[in-house]
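Here come two complexes built around chain A, the first alongside chain B, the second alongside chain C.
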Partner chain A sequence: MSGGLAIAVRVSRIDTVAANIKRFRLVRHDGEPLPVFSAGAHVIVTMDDDGHRRRNPYSLMSAPHDTSGYDISVLRVAESRGGSAFLHEKLREGDALTISHPVNLFHADKRGRKHILLAGGIGITPFLAMMAEFDRANVAFELHYAMRSREHGAYWQELVERYGAHRVKLYFSAENDVLPVASLLHNQPLGTHAYVCGPDRMTDFVLRTARECGWPKSNVHSERFLAPISGKAFDAELLRSGIVVRVGDHESILEAVEAAGIDAPYMCRGGACGQCETAVVACNGVLAHHDVYLSEEEKASGRKVMICVSRFDGTKLSLDL
Partner chain B sequence: MLVEGIKSRPVYGGFAIDPFARRHIFALEGEGALALLDQKPALTATMLNRSEVLYVAAGPKGLDHDLALAALKPDRFWQGPTIETLLFRLRGSLSAATMSTRLYISGREGFIGQCMQVATDMGMDFSSIPTEHRGSLARRVQCVHCKGITDDVRTSPFKCSHCGLNLLVRDHYSRRLGAFQGVNVDAEEPGTAPQAEELFA
Partner chain C sequence: MAIVFRQETFRDDFTYRNSPGNIRRFPFPFDRDEYMYSVNMEPHVRGQAGTVYESLIDVDEHYVAEMQDRALVLKEDPLRYQALPHMMAAQWDTLELLMEEQAAGYPEHFTLIRNGDRWRWINRPLGIDDTFTFGDRSTLPYDPFEYITRQAQGDFCIVDQRDGNLWMDAGMVTTQADWSLDFDIGMNFMEWHGPVPLAHQIGVFDRALKFLLKLQLGKPTRRFNWTMTINPRLDTSPENYHKWGPDRTTVTPDNVGEKVHLRVELQSLWRLPRSNAILFVIRCYLISMNELVTVPKWARRLHRVLKTLPPELVDYKGLTRYRDNTIAWLSKHDDGAPTSPGIFPD
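The block that comes next holds the complex of A and B.
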């Protein structure tokens, strides 16, 4: 099945951990242990919102060796198409959900001597699992965590208590703190790895600064919480299935294809893993590539599209699907 | 005779000077000096002021490029008598290096492998290190039987310099050892090894 084998879970506990952020504990429906995962992994959560199926990726924040349950933390997005709104406003303790097996596109490099974690807002989630793993293995790390304000930031107090102020540095933009990316990256010893997860602007800035500081690409890692971007509705012809699907303005091609009952492959639903890559057979118009998987040349060639996040504007799009 | 089609054989992509690096360290052996000298347009005064060149000539056959390298006037130029002394020096330079330091290695395969080992040992990621193969194709081979390493192997099969077995040189490369694997060819009937062919001149 696309997305891997599904696991039936139950929400055992919901906590509000900051303004607009809730934590959900998921345990297996049959009471069995969940698979061990590696820090940085996420699962795809499938929700049944009054008969409307929603699927979003969420990073696992609990300790990777804890198989009794998984914790995820979800930010209520202001203009939600439904996923985060459903989780925040409709889901109750005891309710059922389905999750995929964990997928990791944001590994900690095990050979690293030292790890610098740069988190922005809800981007803290994969790092919570990573820090538990580093701490357990006695590996050197530093967290630099930027948040809007003390009320909006999740877990910062506990993190300082658990790992100490020497390893956890906080920056609140409401208090005019700025995360000093360049000075942080300067003069780090060989074997240091840097990781960033936060808003796009922060991620772009960190990647650019690392490059300008002379860091090699191999030591800089990022994960973006990409979501399908809304846009104008369009039709997509699926040649192998022999049908045309309408992709709504708030829908991704993948979602439209699934709604038509076709099982297309996916793994991250966030434009990063490459699993949903689809060949473009005909394209009369412009593809809006929103993924971070294809190279610039591949995007320009117009022969492939990542259907989980990318869109189309034009008169005719035919896909090998 | 060579066992082909084994994927672990290293790929040497060639040098490209990283304009953003704050420090460049060049580990060069013999003809490897040319890999740096050929970068001429990229060798600006600023870049050379940030550069450290470590050089060892490659045995009696290799041409000496020390004068040409010294003439570049890098921040530091160091020439050593043997690969071992160069490796020791490299380790010292890397122990004080930061993430803004780029290491470039060029020379024969065995030399590249040994420098790479020091670098990865110091925490560098092998994919961040530009390498360029220059000079003889002679290989550094580890005997899988006695574990002894023989440098400068030009033929296959060859006689292990430690245990004397006839070894076939495989394309199987160990990054950890910086050496290819040598496997005995006439285990059943000693003396039946195929004729040695000069493959890595």
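The block that comes next holds the complex of A and C.
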């Protein structure tokens, strides 16, 4: 079994919350409560799209102590291979889905005296749960939330109402408002933690700025909504299973392996958790590592690959699978 | 079936014994005739009736006596229980987990009634019937973690996960094999494992840590650890070394059977839902050599394990003073016949 025990759920409600963003409420099929979770956690949603199985991770945005249902918000991405398009265009209220148990790769540091949350676009989702938890526990936090425009941004009005303008700051790029990362990260009291979730460029910029401002690595946290990057199709030989699978241009190795009926371990499907680490036995070509899990040395060694996001360009790839 | 709880002691007159039925369910840790450290972890799933895997949190005939011994230890040394302030959510997680598992495994002894945040907990063996508000510390006589671990067998550590490491930030430790919570609190996985020989070099701790960082909700894992103890004493702590250390010199060829005990820890690890911390349960089982040799397979195998144990492990586990006497005594129960695979009696 991979990815945690599966839970059968039903979509009890779908709301459009912004341009291209929908919120889905998931309740357990058997009417029982869902597990409580810790803020920052995500679940893997398994969808049956006309016999095609799709699996994507989505952050849980509802309050962690609310076990009556989970809320997720999904951005319809422009060049979707299917997941977000399916959720937006095909899924209806009452439909069934399967989700994994919650997994948390983006937890708040419980010793933090103050938490600064930097969200970009759909990256707001894990912070919605975090803020509910901080608020309940009376922990100091500030949200800095950058969006394209008022129409494209989700939840910003409610957030200002609930937590107050002193804790929620909004930046709309359509109005030439820029998130002032450097000044925010300067002169924060000792024991402050910063968290970033947003587009890659924003995340990179925040991490770099924090380093330059002298923040200890352990006080800066990030989550990337990595998705498999597509490229040219290639073959992968699975030595233990004794078969060769074709990895399509819009498919991950993990997806191709699963389609061949092989149960490979995974957790985040986003290159972060390390669960899908696979030994490379032979490689005649170049591995394109897209994960954030392996160290630079491990990537350079070419002996390991994270099959949920990384790809290959060359003539022969043999994996210990 | 209701458990008959024994009245017995783990100190002074040492009246602790295993009933014949309890011997058969003893978690013998060796699945082969030799032993070395490894990443010996497997899913913690329910197993057959009549084994310690029957319930995921095992309660046995020693429950009441062990809880009395814990209360004595805590009275003398309150620092055996500690929890850092940021561990409150993990404390409630642990209380929920232990109450639910005990009530599910032993409905005749434990009952949990949840009515929203209002919970009623009935522990019949200890005569407890408390109603409290989940999440409200002031409605319990102790911290939630201390409250429930005064009612659960085994030692408990809660480790917080951050910076790609695990930190020992809470514990209830009164039945330990010569290590100290007061010393280890706040340390990380590599630091508290510092004294262990050989395992670091062969990569056991690197791999175990990587594995634990990825431990998932709803999929607990378990492993065995073991050592030996003279007299059935639960509290073999560094703090009380002056009380139990000298016992090691009292073993003679004639008293091995009653004095020398195999001490097995069935350790289980659980991801906690609210806190994302990990609960580490160290459930300790003791069996005297006299009791152990009633299972011929175990007698043969323990004899062979002790004979071939690497010297570094003999030293670290503190067996040096009485190992030879024990091997000589066990040799009378080892006819050289092959042993069957696995840990269970034939």
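By our rule, the second predicted complex is superposed on the first by the 321 of 321 C-alpha atoms of A that agree within 3 Å, B and C clash if a C-alpha of one lies under 4 Å from a C-alpha of the other, contacts with A are read in each partner's own complex, and residues count from 1 in each chain.
Everything that follows uses one rule, which is that contacts are C-beta pairs under 8 Å (C-beta built on N, C-alpha and C of every residue); 3 or more make two chains touch, one makes a residue touch a chain.
In this text the structure is predicted, and so the values were computed from the model without any measurement.
Peer 1: For A:Arg113, decide between first (touching chain B), second (touching chain C), both and neither.
Peer 2: first
Peer 1: After superposition on the shared chain, which partner residues are touched by A:Trp215: those of chain B (first), chain C (second), both, or neither?
Peer 2: In the superposed model, A:Trp215 contacts chain B only, not chain C.
Peer 1: Name the contact category of A:Arg53: first (chain B only), second (chain C only), both, or neither.
Peer 2: In the superposition, A:Arg53 touches no partner, neither chain B nor chain C.
Peer 1: Looking at the overlay, does A:Arg240 come into contact with chain B only (first), chain C only (second), both, or neither?
Peer 2: neither
Peer 1: Just to be sure I read the superposition right, which of the two partners does A:Arg162 touch: chain B = first, chain C = second, or both, or neither?
Peer 2: In the superposition, A:Arg162 contacts neither chain B nor chain C.
Peer 1: With the two complexes superposed on chain A, say which partner A:Thr192 touches: chain B (first), chain C (second), both, or neither.
Peer 2: Only chain B; A:Thr192 stays clear of chain C.
Peer 1: Which chain A residues lie in the overlap of the chain B contact set and the chain C contact set?
Peer 2: Touching chain B and chain C on chain A: residues 109, 111, 217-218.
Peer 1: Mind pulling up the chain A residues that touch chain B in the complex?
Peer 2: Listed in rising order, the residues of chain A that touch chain B are 109, 111-113, 185-192, 211-219.
Peer 1: Tell me, which parts of chain B touch chain A in their complex?
Peer 2: Against chain A, chain B makes touches at 18, 20-23, 94, 97-102, 120, 122-125, 127-128.
Peer 1: Hey, which residues of chain C end up touching chain A in the complex?
Peer 2: The contact residues of chain C facing chain A are 86-87, 89, 160-163, 210, 213-214, 216-219, 273-276.
Peer 1: Help me check something: in the complex, which residues belonging to chain A touch chain C?
Peer 2: 4-5, 35-38, 40-41, 64-65, 101-104, 107, 109-111, 217-218, 267, 273-275
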